[in-house]
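Presented sequentially are two complexes of chain A, the first with chain B as partner and the second with chain C.
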Partner chain A sequence: MLNSTLEVSHLCTSFFTDRGEVKAVDDVSLRVDKGQVVGIVGESGCGKSMVARSVMGLVKKPGKIVGGSIVLNGQELTSLDDKELCEVRGRDVSMVFQEPMTSLNPTMRVGRQVQEVVAIHEQVSKEQARQRTLEILSAVGIPEVEARYDAYPHELSGGLRQRVMIAMAMIMRPSLLIADEPTTALDATVEAQIIALLKRLAHTGTSVLIISHNLGVIAQLADYVYVMYAGRIVEKADVCELFDNPLHPYTHGLLGAVSSLRSQSKVLQTIPGVVPNLANLPAGCSFAPRCDRCMAACDSVRPELVTVGAGHELCCHLTKGVDVL
Partner chain B sequence: MDPSTGFDVLPMAEDEPGHVPASAAFDRIAYVLRRLARDHKTAIVSAVVIVLFVLGAVFAPVLTPYDYNDINLSQRLSPPSLEHLFGTDEGGRDILTRMLYGSRVSLIIGVVPTLLSIAAGTLIGMVAGYVGGKVDTVIMRVADVVMSFPSMLLAMVVMYTLGDGTINVFFTMVLVGWAGIARVVRSETLKLKEREYVEAARIMGVRPTRIMLRHLLPNCLPTIIVLFTLEVPSSILTESGLSFLGMGVQPPNASWGLMVSAGRVFLYHAPWLCFAPCLAIMVIVLAFNYLGDGLRDVLDPHLQSQ
Partner chain C sequence: MSDGLLEAYDLVKDFPLDRKRCVHAVGGVSLAVNAGETLAIVGESGCGKSTLGRLLIGALPPTSGEVRFRGHTITGLKEKDFSPYRRQLQLIFQDPYASLDPRMKVRDLIAEPLVTHKVCATKDEVTQRVLGLMESVGIPLDYLNRYPHQFSGGQRQRIGIARALALDPALIVCDEPVSALDVSVQNQILNLLNELQETRGLTYVFISHDLSVVRHISDRVCVMFLGKVMEVGPTEEVFHKARHPYTQFLLGSVLLPDPHQRGRQMRLLEGEPPSPVDPPSGCCFRTRCPYATELCARQEPALRKAGDAAVACHRLTE
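Let's look at the complex of A and B:
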């Protein structure tokens, strides 16, 4: 009946600091279908990772999910207690981090670390768990698995460690894998291998939510893209549509900042300024202070997401009668 | 498609340079010893010294013809000789014999309460650090109260209330000792729980108890080992202090601390009374420190590859 793996609606995650409530995620809705790869892009501090942490139920104090719902395979996650969340994590949804150098426990052999995930979610014998670990390690393309099983993380290169992380995340065959900047810390050739690996996973039916500030990675992997800015979604579209026909000035800026072999201009564009302080957002559009197409309405009225094309939504005043590029 | 996993079997990763071939089924203890022998010869020597002290304590009756309480007033305060290697004390008792018997007390009191307070302190500190919030506040304020008393004074009060006896010495030393260890382990836990592998473990659904045991404890171990090597000598010294004040080991039983305080009076006429037990304390303290240093280096996997 349902083919959406993850359905996040009107999610609000706030941090309660001395200076007041900081809305790290503000009314974000997104949807990941079965076997789909969905990307979230945005620059540092725009709330991408907080969306992922909210889905995992790992928002740290003083942060808190203050509203909205997160439904994974028909199960509402925001109402689960810690114990129930522990069961969901690793089994139904898991996550891969940016930094493979620090995301493995240096005192545990990598095989045992992967095996631990099986041991906590299922009643299996040691031998079975080991067998499954060896299978998943070779499935993610680790050579000489028997020997690598007993290796410590420091004995492996960055690419291999990231493969171990992915193996760990995938061993329970979760329906959703969240990849938070999975290739940022890796060099270009290893990045290409990891992207290929994630693509294969998606083909086997696992949904992937990939978070990146690297539009190149998003372009290669994602089917559908959400652009986030200052805790909100400012544009969402199919990947081809977004790259061919970007409408939001922020998306324009991001695309303009990507170097291209065919690019005519010699100088890369930049978006002036930085992400505004989330504790003190402008009354209107939060991108207005940096926007080169800012109008009178932008400073006072906050735009809403409106549909502008097939599967293409935009949160910008430019849609209203103004000719968009 | 691989039928067992349901995955397409992927092309293998290029064998990237920079990784050491993994060592399957490595005998960990043999490895630790080999590493110690190669890079930390002082640690090996220290371990040997500690073992010798332990053997001396165990086989004291075999190693010496005298009893620790053989009084021989005709031989009192005689300097070191072939008959009495470290001389005799004011009662004519053989100092070497008393030291061997005294090492039983000193070593047991140095090691057992330290292990107990490390176990207690680690558990308490780790829970405080990992759970945080009110639990952390309450535990740490209690620790602050314990630490705000001079430890010797607190130990004396507890010993005075409980009466003397070895079990009470143990109890007293754990009661005084856990707080400092809990603090260090807590701060280590606070640091480690922000590490991504702890986060990763939580993401994979690992429960808090298991995270503490499997992910935090092994990574705290180098710190705990160093704490242990620092606490053993200080326990020996605390015991000495208590014995000196008449609250620990009771004469005619021997302990190093008791011997030092008894020999103090004769420091100018018969310095060997103090010299031998002081030397023993110094050697064992140094041995524990060097051993701890070596072990920390070898057990820490970050340093292993270097």
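Let's look at the complex of A and C:
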């Protein structure tokens, strides 16, 4: 138990809309061990960001965590009130968002924004806080930190802004860093720099939960991967196992779609259809309408996660036909 | 540069910021697009690739330079004279959410270009053409009276494609057509574009930052940096034998979807991108280039032939 930084069990987060309850996260369990990089991969609307927001206590109305538990370093987070959550956020767990321009305050110099995090959590002198800010800014690879300390966000490039965000997230040395599509808004060459930086942070013992739709990011960064579809975990495995031996038809389709881009074939592999509407999911497996291996049971019976190999779990009726290792 | 369907000569586009300064978005680009090919324009945000795409089809007037379509100059024409060329040169946008009028039904969205250009004699003919277009881009015909918000991202992009196809164009500029889409849907759209090219003999200018997509879809690639062409050539040649240092960095920063290749040394670019308001002297890449010499600061390298490609770098002559 002490080995895990984050343990999420049976988390359910729902949105209560005019059209009824929408289960954005439906019975999701995951764990992040100390110093481990865990990835969640899935397409837009699969609920991967809502898992992150639930952990951070950032689910906004009409959304609500309706069940399950979130334990961070032995502390249950779902029962904390706003004030207690504020103490945890930034100190024990912090988050880097997709769009650095909208997550930074455009009217504040970046140095002050980073320094603010220290001031909230610790009693330190201004000079100490400034010193620590300069240290973390240069640790995340920002050149000429003294000058950049006084810059406004709009004066920085996208890559530098994301580094500032990471500095802000890392300044209290949290045990868990959640990165939600941290490179999606960035250019290829900058993306590679940020991924290298996150890799370096993970080597210093910080646990990282990386959320991405990009299988390249996941392959390069994550040790263990959860695949989400329509609010649920459909497959989870060690990164190499998942890429070498994807068992869920959805994972198979995703990897096929990406790898066929790299092949010589003229016609690319696709997954037919579209991502289902979470407000109106099929009774059985959510992926059944798009699945090329759909059977009679898939339309009526919802599959559960079953262990199919060492650390490899699968949520699919096909498991019955798969040899359990 | 004579057998091109579309040819650009020394295109320049400056956007004024204030009285003194301007953004040099495109700084002297000459290139040819051959009939039936897909020419990809790649580069990072702000390199001028979208501006170039718009200049090529006359959607933006260049500051200087000229575009020729089938040998006819289309730059500086009056609206009336340009109209026939506009039918031949169409554009597909990146964001299918923002580029469709939310208050128009699909039938009206697709009919709009037909009506504007007065292509059809009767209303019935318009409807027939719209149905035909919907079929060829794969939108179910009973969705005729739906509004854009009732469609998914991929389907909206299909509507955008149908609008571009309506006037039977010769060339379509696709500006990041799949960047806003999920992987599984992205491939559906790429397959559709490929299929349409084969059946209709279309020519594409495909603007993208995604190198794996570009490699799949294009015949030739043009790599841009800060408004200038760094390297242009056949896709396989550029990907296998990248000669320009910037192309090498761009290719080296692709995150491979293969966890076994994690050990592969990624080539990380140092420093910050230069400003298009105040570009460096000489070669615009020199401030980030590990091989930059004194010559690079003094003189701008011209595009020179290297193999089947053309490259703008002083190192090549050595």
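For the reader, a short list of remarks on this structure follows.
Operating definition for what follows: the second predicted complex is superposed on the first by the 315 of 325 C-alpha atoms of A that agree within 3 Å, B and C clash if a C-alpha of one lies under 4 Å from a C-alpha of the other, contacts with A are read in each partner's own complex, and residues count from 1 in each chain.
The criterion applied here is as follows: a residue touches a chain if its C-beta (ideal position, glycine included) is under 8 Å from a C-beta of that chain, and two chains touch if they have at least 3 such contacts.
Predicted, not measured: the structure shown is a model, and the values here were computed from it.
Legend: residue contacts after superposition of the two complexes on their common chain; A:Leu160 is shown touching both chain B and chain C. Applying the stated contact rule after C-alpha superposition, one finds that A:Gln193 touches each of chain B and chain C.
Using the contact criterion defined above for the overlaid structures, shared-chain residue A:Val239 touches chain C, although it does not reach chain B.
Contacts of A:Thr204 after superposition on the shared chain: chain B is touched, whereas chain C is not.
If you count the residues of chain A touched by chain B and by chain C, you find the higher number for B.
Using the contact criterion defined above for the overlaid structures, shared-chain residue A:Ser103 touches chain B, although it does not reach chain C. In the superposed pair of complexes, A:Ser125 makes contact with neither chain B nor chain C.
In the superposition on the C-alpha atoms of chain A, the part of chain A touched by chain B in one complex and by chain C in the other spans residues 143, 157, 159-160, 189-190, 193, 196.
Remark: chain C residues 44-45, 152-155, 182-188, 190-191, 194, 209, 211-213, 215-216, 249-250, 252-262, 266-269, 271-273 touch chain A in the complex. Partner chain A is touched in their complex by these residues of chain B: 2, 4-26, 133, 195-207, 210, 214-215, 218-219, 221, 301-302, 304-305.
Within the complex formed with chain C, the chain A residues making contact are 43-44, 143, 157-160, 187-193, 195-196, 213-220, 222, 239-240, 243, 253-255, 257-262, 266-272, 274-275. Only residues 56, 58, 61, 86-91, 94-95, 97, 99, 102-108, 116-117, 120-121, 135-136, 138-144, 146-157, 159-160, 163, 165, 168-169, 173, 189-190, 193, 196-197, 200-201, 203-204 of chain A touch chain B when the two sit together in their complex.
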